[in-house]
Structure formats: structure tokens, C-alpha cells
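The following blocks contain the structures, represented as C-alpha cells.
Common to both upcoming complexes is chain A, partnered first by chain B, then by chain C.
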Partner chain A sequence: MAATQMQTDIPTPQDATDTVKKDWPGRWSNMNKFLDRRGPFCDSGFIPGHGEDILLNQCRILVIGAGGLGCEILKNLALSGFKEIEVIDMDTIDVSNLNRQFLFRQSDVGSPKAKVAAEFIMKRVAGVKVSYYYGKIQDKDEDYYLGFHLIICGLDSVEARRWINATLVNMVQDDPERIRVLIDGGTEGFKGQARVIIPTITSCYECSLEMLSKPTSYPICTIANTPRLPEHCIEWASVLQWPKLRENEKMDTDDPIHIQWLYETALARAKEFDITGVTYSLTQGVVKNIIPAIASTNAIVAASCCNEAFKIITNSQPYLNNYMMYTGNEGVYTFTFEHQKKSDCPVCGIQNISVEVKRDITVEDFIDFLKEKPDIQLKKPSLTKASTNEKIYWQSPPFFEQKTRPNLEKKLSSIVEEGDDILITDSSLPISLTVKISYV
Partner chain B sequence: MIKIWSIKKDNSSAEKKKPKVSAAQIRVQKDLTELALPETMQMTFPDEHDLLNFNLSITPDEGFYRGGIFRFTFNINNNYPHDPPKVRCIQKIYHPNIDLEGNVCLNILREDWKPVLNLNSVLVGLQYLFLEPNADDPLNKDAAEDLRTNRKNFEYNVKQSMRGKDVKGVYFENVLS
Partner chain C sequence: MNIDKKTQKYDRQLRLWQASGQLALETSKVCLINGTATGCEILKDLILPGIGSFTVVDGERVDGSDAGINFFLDADKIGSSRAQAVTELLQELNEDVKGYHFVEDPVVLIENQPEYFLQFTIVIATELHEKFLLKLAEILWNAKVPLIVVRSIGFIGYFRIVVPEHTVVETHPENVVDLRIDTPFPAIEKYAKNLDFDSLDDTDHAHIPYVIILLKYLDQWKREHDGNLPKTYSEKKEYQSIIARGKRTIDEENFGEALTNAWKACTPNKITREIQEILNDPACENITTKSSSFWIIARAIRDFVTNEGQGLLPLAGSVPDMKSDTTGYITLQTIYRQKAKEDAAAVRARVNDILISIGRTTDFIREEEIDSFCKHAAYIKVIRYRSLQEEYISDPKKSEINRWIQDPQENIIYYVLIRAIDRFYESHQRYPDAATFFNGDNSEEAASEESTTEFKELKTNIQSMLEEWKITNSPEHLDDFIHEMCRAGGSELPNIAALMGGLVSQEAIKLITHQYIPINNTIIFDGVKSTSSTYVL
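The block that comes next holds the complex of A and B.
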């Protein structure tokens, strides 16, 4: 009740149907307290009084993922004044989502998450436009991602996050106008993190791959010989027995018949070794590597992501630099630090140079030229034509060395056209080097 | 500070010749081109354009398994190096750390895998399994027991199995050819 009284200066609409198109005076007065005046930490470029216009009329924001984090993010953005939102998600709603993915109802089970989430937000929050795409992020190209001012990612898949990160970093192409800030949220049980990735400028998602906690796995010899835990029995069923007994069948962890088979196989094994605790749901959890999702972790991480989005878009306060980790296992703890770029990052660590060479230079002479070039100092460079992935010359393994050796005496210009890129790997490079070729 | 509103909208699709190569692919490429393969290892690629699936044969020049050719398949997924490569022995062999289905007990292929490791680390690990089979991490319990209790007998069993003969009624694949 206290909260309601504090906000009595904000008129609220009388009924929900009223909200569809209309705005009302004072609706954004809380937001405007940050946007209409300077604060002690404001950036010097901040101009008071324009925030509402930026949020409401100019900013296009993309939300990737409409699951546990996505529902929170969409709700937060809409209530913070963002008016043009797009959401992508490839999944449909499962009954097990309903405890925390609060934009969905029982009757929505089976429908696309992106569609239901978009419609719910538009119905509930006046004047916000949420468009959606039900499909994979990989279906979209650079032009699509360039069409947003900022991208917030609430995904649970490492692979999908690596993809969007690499796409946004590669998209920059030395042109700062092509930078799109990525805010990445992630949760795992009671732990989570929010981070601000400015492609090519800050460390990227790939830079921190080693920090990820990896799925628990057990030594295969323990599974085979000395099981002690119910998990050992389940892994025995899925890792050793499935390939042995159902050799030509691909295991589908979403197929209840497959899970049932694994469960029964694991249960028999558990009986043999006097182990208790093998259940159907544990079997499902182990083979799908399910980590329990905690609603409050999602809420905290999503709040941080949207907080950063608001500050970055309005320029009203300094933003996170660049990594906030949260753990709620024992008490509530957050730690914020600047995660450093990694020089051997295969996404943002790729160096680029341009060289001019004679049109009649052979591949072999070109390799010597690279080795002698003092500013790069390569030892045993392997060359690949970037646009086609054609191997020009590889030092190793011998299988490819022998196949590409005949290219050494060919003219480089017969393989690589003017303006083409050559991708080079070499033990003296942290990851790789892209060389743009022009002929003289 | 980056200021979103000073970044102008992109007007053209400019030139886009960036390779559509994933980070996993670039890492594999780096790993492969920098391998220093010893004489005892050969790598072949059934599909030259597919760097993520290849074969490896090991021909140990010392130890119990000297003289055999041991064949493995490598399967790398697009989440490498977050996920380790999947390695399988495609022959039925008598080895304490490799079971009859070809599963390999090597810690860095599972519980101890880290993204800083690379293909070279895996190759070194595999090579080592043939030089120093290990009775403490058994996948083939009988073979491990033989190695622990009677090395001479184990050595004999290895030789028999490598010729395609049986060991206690289990027939193995001839790996001498």
C-alpha cells in the first residue's frame, strides 16, 4: 500500500481497454526524473529533456530469447518506456515454463513464445509496439541486426550466444557506425551475469568462454565400473548402453519414449549396485543437462540488463564496464569487474592488415614475404582463401600439406583476386590474421 | 563512452567479404595447421572441406602395442572448444582404457576438458594410452586386471589380440595389417 500512496501523482488509466492507444500525462514522470536534469555522474554529452523522446520515438531494441529471462526483459523494457521492441525466439511454450515465464498461460502451451510474449506485452502496456520473429537468430543477416540500436540477449544456449556475438563483432568491419551494443544476460540456478559488450571495443562473449561453468560430467571409467551416484547410472545408460544397444538410432532427449528407456536401463543398473535415487525426472535432467531455473535469478539479471539498456540509450548515467556477476547461493553477492579482451579470441582477436604485392608473385614467394615482414613475424604460416575457404597452402597436417604443396609454385593472383582476403594461422599469432591483397 | 545517437544509421550494405566461418571452425583450423604430428600418427579427412570430422591412426613404435595400427574417428561439434572433440576407436581392441565399443577413457576428453586445451593435447593423450596403458582407470576390466596382476600375461594377450586371435573367448580385430 505504501508504494501506491507514494505514486499518487501518477494518474493510472481507468480500465485496460483504455490503454491500447492512449498515453496519459505524467505517465513517464519517474523516468523523466533521470532524463530531465543532470546528475553528478552524467556524461558531459548528456542533454537533459530529450530522454522521453529518445525512448519513446526513436529507439529500436531487439530482445533475443523469450524464455525465463526474455519475459522479464520484455516486461521491464515496456514499463521503462521503450516503445519499439522486437523479439526473436525459436521455441514453443511448454507446460514446465509456466511457473516463471509469466507472459504465458496454460492455453498458450504449444504456441510460439515470441508471438505470445509480443501479444501479451502489447495488450498489457499501452502504446508499445512489439514485433516478433518465430525462428532462429541464424535466419537473420547483418542488415537485420543493423536495424536496431541495441540488442539484449537472454539465451540459455552457449552456441546461440557465440553466434550472435561473432555476428555482431564481424559486422563492425572497422566502421564505428556499424557497432551495435550487445547486452548479454545469463542465469544458471542461483547464479547469473549481466554484461555490456561493445563489439570490437570491449571483451566479447567468446573472450570469456573459459569462464563458463561446464556441464557436470563423470569419468567414463567410473560410469563403467564403479558407479556410486544415480547420475552415474543414468550416464551409463545414455553414454555407454544407448550406442551399444540402439546403435543406429539417434537419441532424442525430447522423446519421452527414449527417456523412459534410459530411465529403465539406469534403474536396473542402480539396483545391481544398490544405488537409490534414479527417477524419471532425474534422468531427464541429467541427459538434457537441465539446471533448475530460479525465477528470482532471472528477475535480477533481467533488471540489470534493462537498467544498462536504459542508461546506454539515454546516455543519462555511466553504464556497466563491463561484467556483473551475481550469486545467490549464500546470501546475495554481486561482483563487478572489467573483463579483459583476450588476444587469442577467435572472434575479436583476429588481426587485419592489407598488403601490396607484385601480380606475378608465387605463393611460395608470398609466404617468404610474410615471414620476412618485420611487423608480423610469422614462422610457418598456413593460408586459406577467406571468401571460399579454399586452402592455399597448409603447413600441417601432412594430409593437407601434400595436397596444397603444388600451389606453392602457382601465382598467387591465379588463386586470390584483387581485394580478396587471405586468412592466416601461424603459431606466432594468438589466433589468426586476415590479409587483404592488392596487386601492383 | 560510446554514444548510440552519434552512431549514424548504416546507409549501404557496403562490401561484405568476411568469411562465414564460425569461431569453432577458426579454432579447429588453427589447431590443425599448427599440429606437429609425429611419424606414429596419420590424419585423413574423408571430406576435405569438412575439418570437423576426420580419422586418426596411431602406429606405436614402442610399448605393448608396437606394430599395430589403431584407428580412431574424431567428431568436433560447432561448440568447440567449449565442448571437447568426440573420439572413438573404430576397431575392437584389447586395451584397459578402451572398451569393446570403442569408448576411450581419457580424462581430457570428458571431465577434465578445458577450452585452453587443443587437438594436440588430445593426440598426446591418445598416444600416451598406447605407451602406458593404465590399470587404474579401467574401461575393459579384464584387460586392466591382467595388466595389474601379470604384466607378462598381459603382454601375451595384447599380442594375441593384435593378431585377431581371441583372449578368453573374446575375439579382437587384427590390427597388424
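The block that comes next holds the complex of A and C.
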């Protein structure tokens, strides 16, 4: 990762003629039918004949992710007439991307996705400027995000989505001028969704956290003592055997030699217990938590996101309010609905969260409870007593962690009384929430 | 073990359709009629996952608007053959796919040499209008080659699958559980009977698989109730409380699982109506040398059901994960798998008998195909499509359209518009194309005479179409939809082209691989409201 280099790069056009052939007769004739003509469904604020100006000269769009969705999003935006696009991605190209990430070729394997994608689009679509940042979204601050009119996300990580969502919501600070629309797309196999989030106005990503399906996990005692499935043997190899037998080595799930070792170790265990079905491919799938992905679903979801972006920016049609779910394994099914804002959403809600816990719960168990709770799902929560600012448990910095660690074994009720508020923060997310405690 | 490059490249899709689906894709030949933006997006999403070859048939030359909206064209290509230009850039997407182009007006080809299209696995037609579309559809229908008709106008996308019959074995249902608790086969019945719960220590007792728990107590119930299953609500409740009483401690998870599944266990295992219909189908009854492997195996299954199967389908043989120790689970799994193997062997024997009786050799159907069929027998699917000829001429769905069109949530109105626009096109060789909707408050905007004519003519086309279908109630806000289509002027938008590319490629993959369930038969996507609707037209 190019962690040292924080600025954004703009690829230089391959040849100077690019600027010459910027436009040609008829280039925008399809788009202009909608931009130059009023329609019966379009917003009353729509002014015919101004679309090209909006797209060409005024609008800056940020695309987060240059993967399966990102490649499609960049292409669609460029063809729709957007002229200033920036793309962020922290990954490099892997051979398994090539079945859908169509801006990349075999010879690009190992190169940064953001760079190759930006260069490809600028080469193919004349006159569009695509700048890129090869790094993490967390490297950028509010001023950076305020510099765009609209942000489209094509991410594969829940954590990154929660981060950008919370950042954009927090950024508003009661000033409507600081609202930046977020369009979020996601896919899994034949399924996907596209949604429009207007921070503080509509429901946000965090409001819908409960809709996520829980990731598969296997109890450690099953893995250690009573394996039944090939997956149990693979988990045994990666979770228990690797740290035991290769303790000084960091497991790299992208290294085929490491996967091979895990596969062989899992296979030996499976044989011992007469379990069938351990394969190299399954091993890879389990340890890397691989989600199936195909070109078709990416195209559908990305196009839907870009269609909404085009409608929002140009006012040429009403836009999605606010969620479209897509399923394609049995026929083609879409469900379009308004996802409701949650009044006690940890990010955009106005109401505090109340939780009921057992009177004898320890601080450590309470932290586990927060991690598991479907509408909170924090990774590394730090707790502070709101009324006194007393640190209950802090995950970082190390000094405070050490100092507050003895509290983990204590009963929560010995520190926090019935009806008290606990302030919860998480270093991986720009979220702080206040939770009212009651005991049962 | 070394994983080859191709397996690495296709890893994320192989997890959906496995090597068998991939092989079907890699041996397929796809034809695209007209290298439009929508057509090229469809091909893109088929070339990436690795079809065998594609052929673009197109007589047009690239113009400025093509180069503006099609990612597989640029300004340098203006004036050159569109078929050749798009093929060149599409080809770059995957070195394992062969790309061909044929510079010829598809309409001329349909007229003079329609058999050209019969060499393909599937034909996808964009921008083809009624008259020649019907002609092409008929040729392909008779040869059983699937056709997908695709239209993309402004924010609206439409496609229609046309093929006489499509059969699917691997439908990929989400949960396949067939445990036969109510009608246990001898091996599992004996195993459950012989396991003495009382003699187990507490650890073993907490690890009895729930399937065995259900079988044990159901056996007890049946002995006490003249061999009957718990039927009424109170009987089922009673069965549940018998299981609950078997718990030694309150937190035995396996008994918890048994209680959760108890209700389902009392429901008699029956062949569903949909599967029974397939088994009763004339194609299953009358097996000839022309019968496909699907129908031959289906017939063998039917014969199995009435004989060895004793009214039930062959056992799928899979056992879901459950609380158990390793030995208990593996033993259970082995018993179910063994029974599934025996059932499959019986079906195989019947398949071979059928093949011999129709004068075919037994290698006509591979063993794996039969085994897979047996495993998925409860979920197989047969779709019989309506022909375009029926839809357009001999048997339009008049009353259904009339019903749908009254519901403002439906997208069917755009079907009527697309059909009317086709008629407009046939008489003018162009699309209705004008600004016809104006904001009354704004004096700068006003309807010109031409635009008024455009609107009126499209409306006349629609009205005569509605009359033909005996639809007397004019749909609500009809004028708005006409305005919107005049505004679109037959344009393609990159986003809608890409979206249709995704949808159509997905359905093409289903048709080629015979996996997952394709739509029957028409989809209309409305990019204004972001909704889609499926219709049998």
C-alpha cells in the first residue's frame, strides 16, 4: 500500500490527441434527449438545456472501490458525461478479479486497482478526468469528502461502509450545505442491493445493520473435539494448527503455499475422522471467506447506482427512495422500498439506546454482548462512564488498556448504576454512542 | 496440487455453477444481432465468464452517437463497420473467448439465409422490430434454439425469453433437507431402534443427533397410536412434550434441535404437485429416440417412484450439520448416503432399460447426470415458454394485460408503448422523437406543431393496439407515458444498457448452463422508479 503517499494522482493522457477528440457530433445526443427535454415525471426544479453544463463543468464524483462494482461504476459515469471523477482503492489486482473486473488484464496482476482503472477509463473515454488514490478511505479527512458532490460506494467490506457512512453523517453538523449524498451498492453471488443515503435525512447504512446476515462461524469446541463437516477440519488447520506449528509465521491467505499447507493439514484430519469433502477450493473459500461474484450482478447493481447518481445530479427524473434489493437466482426479482430511519441509530439517531443486562454481568461479557448485538456490532468497543468520565475499559492506547484491564473481571453493576449512561467508542469507526443501562 | 490459471481466474463464479456449468459456457456459441450499447454490455458480461465464442451480426456503420454511449467503441471508429469495431474491443476482455463478426444487415440475413442462425447455442437480438423479429423467432423456435429479445429505450429496459422448453436439474434451492423422519427407510429405522438412549452416559446422550431423537420418539408414538403420525395440533404438541421429557438436563442442544424440527417431522413426506406434474407430463409418458436425457431420466424416476421408491422420490442423501459427536454424525451421514446410492443405482438401471428399449446405447447419458438428477429430483424444473407468434398474433394475453394495466404499480404500460413504438418505426423507419411535455408556467417552453403530431401519432398507435386487445378503459396517466417515450426518442442510456447487460447475460447463463431458474417470459425494468416486473406474455 502506498501509505506514505497521501496525495491524489492523475494519470497523464497517453497521447496529446485525447484532448483534440474530446467531443464529436452526436456524442451526447442520447443523453441530451433527456437533458434538453422536460419529462412528465421529472422534478419541477429541472431546467431543460442545462444538463451538459452540470455534468461537464460543475460536478465532482468520488467512487470508493475499483473492484467488481467500481470498474462498472467508472465506465458508466464516464459514458454518462461526468467529467471529474476520483477513485479510491487500497487493493492490487488478483487473477481471480479478471472474471468480472473488466478494466484489468492478466498483465495488470499485482498493480494497484485504482491506478489501472483510472488509466483505462481515460484512455477509452475521451475528455474525462479520472484521478485516483491508492490507499485507504480512512487516510482522508472531512475536507476531502466535502470536495465532492456525490459519493458512490462499491465496497466489499462492512467496516469500510460503516466508516464512510458515519463520516458523512457526522460531517453534516446541522448544515444542509455539508450534506453529501452517498449511493451504496453491494453484491453477493446472484444477489445485491443499491441504495441512496442522504445523510441525516434518510436512513443511513448503520440504520440497516440488522439486515446483514451473520457471517458463518464455527464453535471452537466443535473444531477441536467433534468435527463433522469439511469446514470444521479447515478451521482446525487454520485456527488451531497454524498458530501451534508455525507460530512465528504470519498466515497469508493469498499465498498458495500457505493454502496448500492448510489444505493438506485439513485433509489429514478429515481422513482421520472419515469426513469427506475437503478440497483446495473449499479450503481457500473458508479461510479467505470468499463470496461468489459474477459480472452480471455487478453490472446490474453498479448500473442502478449510476442511474440514481445521474438522476440526482441532473434532476432529469425522480430518484430512488431509497433502497432496491435484487435477487437473480430464481427469475429476476427486485424489491424497491423506503428503508426507515431508526430513531435510536448509533450514527444518525437522536434517541439514546437502552439495553437490559443481567445484574451479575462482567465488564468483559458486556463488551462481548456489544460486539454480538445485531444493531451495534462493534469490533473493539471502549467504555466510559458518562456521568463521571471514569474509564471503564479502553482498548487503546496501551497505557489505558493496561490500566483499565482489571475492570474486565468486575461486575458492570459495581461501576455503573441502574439508569446510568455509558459512552461507547470504537477506534475503527467514527461512532460514539451513549447506552442507558438497566439491570434485570 | 497446482491450481491452473483458468480455475484461478474463474474461481468466484465456479463457486456458483461449478465445473459442469463452466464447461457448458465454454462450449457455447453466442450470437448478437446488432452491436448496440445494450448488446455489447450483454456480450461483455458473457465474455468475462468465458463463453466459447461470440458473433456480432450488424450491417451498420459506427456513428457519433454510437461512439458516445458504447464502451467498446471510440471516436476513431466512426464510419467503420460496427460489427467489426465492437468485436475488436470486446475480444480484449478474455483471451479464452473467440470473437467473430459478420458485416451484414440482420434483416437481410433473416430474409435470405435464416438457417445461418441455427449454428448458435443462443441468439440475442437487440434493435430488431416486429416483422423480422417474428420471422427469426419462428426459425429458432422450430430448431429449439433459445432467443432473447432485448429493447432499451430511454430509462426503460425490456427483454423476453423465447424457447419451446427449458429444463433444469440443478436449480440450486437454498435448503435441501430430506430426512424421511415420517417414513424411515429400513437402515435408518433399525439404527434408531437399536440405539439405547438410557445406556448412554451424559456426554453421549447430549450428542445424539436430533434426527435419531425424532425417529426414536416418533417410533414410540406410532406404536402407541396404531402406526399413525401425530396429526392434530394437540397431538403434535404432545409429541413435542414427549421429546422434551427425554432431556436429562435443560440445556441439551441436540434435544433443542429436535424440538425445533419436530413439527416438520410430523408432516407426511409427499411428492409436490409441481414435480408430480412433470412426472405425469406427456413428454415423460412418451419416450422416443427424440427424447432428451432430462425426460428419459424423469421417466426412470417416475417408474422408480411407483416401484422401489414406494411412492417417494430417490433420496437426496445429504444430512445438515447438527449437534453430534463425530462418529454419530458420520454414521448417520453414511446411512443416508448409502440409501441415496442404492436409489440412484435403481434409477440408473431403469434409465439403461429405457435407453435399450428405444435403441440407444447406455452411454447416451452419463452416470453423473443420473446421480445429479436423483439428488435434485424434488427441485427439478420445466418451463414451457409461449412463442412470439402466440404473443403477437394468435393468442395475445388480452385479459391479463387489461388487468395488469389498471394497476399503477405495474410496468406493463411500457410493454404496450414498446409495441406501439415498433409500429411507429415500421411506418417511419425512425422512433418517435420530440419534446412534447411542457411546464405550463414557463412561457419559454411551448409545443411545436411537429411535436404535437409526434405525440398524437404514437397515441393513435397505442389506442389501436388497445382496441385490438379489447381494452376499453384507458390506462391512468397514459399521456404521461407517451410524453416520456417521445422524450426518449429511441435513445439508449449507458446506465440502462449496462443494467440490461447484467440481467440478460444472467438469464443467458442460466439457459446455457441449465442451472438456476430463468424468468418466464418477459421482464420490464423501469429506471425512473427503479422497479422491475415479470410477465407471462
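The definition used in the following text is that the second predicted complex is superposed on the first by the 299 of 440 C-alpha atoms of A that agree within 3 Å, B and C clash if a C-alpha of one lies under 4 Å from a C-alpha of the other, contacts with A are read in each partner's own complex, and residues count from 1 in each chain.
Quick note on the criterion: contacts are C-beta pairs under 8 Å (C-beta built on N, C-alpha and C of every residue); 3 or more make two chains touch, one makes a residue touch a chain.
Computed from a prediction, not measured in an experiment: that's the story for all the values here.
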With the two structures laid over each other on chain A, which partner does A:I290 touch: chain B (first), chain C (second), both, or neither?
second
Could you say whether A:K140 touches chain B, chain C, both of them, or neither, answering first, second, both or neither?
neither
Tell me which partner A:L423 touches in the superposition: chain B (first), chain C (second), both or neither.
first
Look at A:A224 in the shared chain and tell me whether it touches chain B only, chain C only, both, or neither; answer first, second, both or neither.
first
Touch test for A:P318: chain B only (first), chain C only (second), both, or neither?
both
Scan A:K371 for contacts with chain B and chain C and give back first, second, both or neither.
neither
Which partner does A:D36 contact after superposing on A: first (chain B), second (chain C), both, neither?
second
Chain C-contacting residues of chain A that also contact chain B:
225, 318
Once bound in the complex, which stretches of chain B touch chain A?
1-5, 7-10, 13-14, 16-19, 21-24, 26-27, 29-30, 32-37, 42-45, 48-49, 78-79, 81-82, 97, 99, 101, 103-105, 107, 110-111, 113-116, 137-139, 141
Considering only the defined contacts, which chain C positions touch chain A in the complex?
1, 3, 5, 7-16, 41, 44-45, 48-50, 63-65, 67-71, 74-76, 78, 92-95, 154-155, 171-172, 207, 321-322, 324-326, 329-330, 433, 435, 437-439, 445, 477, 479-481, 483-484, 487-489, 491-496, 498-499, 501-503, 505-507, 509, 516-520, 523, 525, 527-532, 534
For the complex, which residues does chain A have touching chain B?
43, 45, 54, 58-59, 142-143, 146, 149-150, 158-159, 162-163, 166, 170, 173, 175-179, 181, 198, 201, 206, 209-210, 212, 214, 217-221, 224-225, 239-240, 243-244, 312-313, 315, 318-319, 346-347, 350, 380, 382, 384, 386-387, 389, 394-400, 403, 419-421, 423, 425-427, 431-432
Can you tell me which positions in chain A touch chain C when the two form their complex?
21, 24-31, 33-34, 36-41, 44, 48, 72, 75-76, 79-80, 95-96, 98-100, 102, 105-106, 124-126, 189-190, 194, 225-229, 256, 260, 263, 273-275, 280-281, 284-285, 290-304, 306-308, 310, 317-318, 320, 324, 328-334, 336
